[in-house]
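Lettered A, B, C and D in written order, each chain numbered from 1.
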């Protein structure tokens, strides 16, 4: 079994909880109160910045030239593509980049971002890349799991947001990150990768949970 | 007002919640179930290791020779004094260093440790030293707040544990860290220090909260 | 005066020595022994990898979103454009990427690369970006200074290599890095930027000097 | 053969050049012009600060608790013991800590310090500890090699300075660092350790060479 598949299998319970989390389900169905979604988008913007910084940090620790090129390119895709998507989304929600920058960072986002950065810096390149995978991959799996709901979603903003994670372009990005994990050398201690992957999966769950606490 | 006092004032609500948290109160009174305390000690051991690593990281970023010497010395006090204290405490609880190393790290501890390390590395020396203060200082304040309970505590293990935070030696360590914060240059943006200090205060609270979830 | 211009002025003597260094002059004229150029290319390949890692590190320390995007993009340009150029150049010289990877790194290259990375990590973002400028800018200035020689150069490999630094595409990259330096906040201590810029200028000179020691 | 012995053997030629470098020999004999020694002491002070920062960085990357404690303790010994020794030495030379701080850092010192820090940060703990050994060990070997000259040295300042590296206290510190290297796991690629050790040995040689350039 590929390393990425084994890691996902070990985090199965947490991922199932994510798929079924009310915030996630309501978002895919279109019934999520808009204030919750706005809060999520503002928090996620801050996470995105740290995720790009983390890809850059990973690039600086790459052990081969091809891995260096790969991570630099992923960081560039994120910094360009995802940011443009965010700008458009914020506009539709009557929000601005300034709102995102000035929003108070939730402890769930601070914890997750700190975990990614400190895993890359104080752990190893391998743990860092394993820690980054659950975010990108779980979004693709959420979209796959709730595909029917998303296609029938009558809330255009939510539908557009969720549909992105069904697209070829996004799935290719996920495949690239999965491949980086699959390429980790076989003798690297699996326990450490598992711990990084599972902790990130927990942070994914906690992120959705905290977003759901916002009053309607 | 000194910088440290101003920061503490801004975090007052969180600190009051810490003083009154059931885990803290029961520990000082002596009624805390021993399994909860054992779990706390194992988790705190992993936190301590990361705290020493963080003092070392701060030392490597010190801007003056005297600050470098100060932080190297604090790291050495922690690595020697606190570790010996832990060894004795673990023995009394029929636990070993191996138990601590092998215990599954809670998300509260991982989050707090990650936050300290990534604040020092990705933020600045100033934010890093502000983030480290709530842990050391709040223990002294907890002990001061519950002094009477501690002195009357009939659980010898808890009493001895808590009394350490009333001792001159410990209070001096707290004063040294406070002084490092007070020496931050006046033009450093207060908002950033406040954010580091308040987030760490929250992690302190979350740490106690998670420890209290363990079944008796 | 712009910050970048002031820094260049302060390093004028070193830059003049670079323009007139025999290795540089002979390369632009076309009389440089090919073995010296081959050695230079292999060493420069290793420098390039570290320079891309350094741009990634700088990105991870960027203080604004626009600076983060800018540095991620520069890293991507380098990782893609310059690498392809290197592959073509190595082929023409009957060398391979493997030769570059396996070549023994000279102390001049190790020192320069280490200086860039440790300035970014242990110094500050500002010093890191100031340290990176002399490499890119001085190549443009060398090409400008020896423009006539380059255009008349009958050694096609050298001519093609040197002409790249006269092109619009390259000059734009230099302008972007200069602008990043010019945008450093006015109250950042100039002495530190000057020290970073001048040390890098010295490393540029030392690099050419060490390349010239190779026997024909 | 122990790892440390194998590394030293591989660097033998460089170390022999160090033992016989005129600056080193004249210092041990007592004939070195005092201006050269003063310059050396000012440069070495800046190196020492970076060496302590590097031990702190290594501590923050330690993989076991005992290694963490060991490195924190070595950093503390350096920050306390060596600094006091420097203070006394500077006073005897009519120099002050301020003179050291304000002296222009030579490229040899900047290169060496940058190499140590970036090896620890961008390489690995193992390469970082291998890079740090030549400095401490070669001073002990220099003193052993020139023991007779040192004992007969009539320049009291030089004699006292050099005798320190013959003392039990210093030799114990060297043994501790050697042991840290010897404890590196057997499957760590020797090439990387060799490269770190040899580059540091070269920087040692370059340091002495640059110090000798000062006019009498």
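Here is the rule we go by: a residue touches a chain if its C-beta (ideal position, glycine included) is under 8 Å from a C-beta of that chain, and two chains touch if they have at least 3 such contacts.
Computed from a predicted model, the values in this text were never measured in an experiment.
Two chain pairs, A-B and A-D, are weighed by contacting C-beta pairs, with A-B ahead. Centroids built from CA atoms put chain B at 31 Å from chain A. Centres computed as Cα averages put chain B at a distance of 36 Å from chain D.
In whole angstrom, the spacing between the mean C-alpha positions of chain A and chain D is 46.
The residues of chain D that reach two or more other chains are 53, 60-61, 122, listed in rising order.
With chains as nodes and touching pairs as edges, the resulting graph is complete, every pair of chains being joined. Interface residues of chain B, counted against chain D in their complex, comprise 49, 52-54, 56-57, 59-62, 65, 68-69, 71-73, 75-76, 78-80, 83, 97, 101. Every residue of chain A that touches chain D in the complex is listed here, in rising order: 60-61, 122.
Residues of chain A that touch chain B in their complex: 53, 105, 107, 110-111, 113-115, 117-119, 121-122, 195, 199, 202-203, 206.
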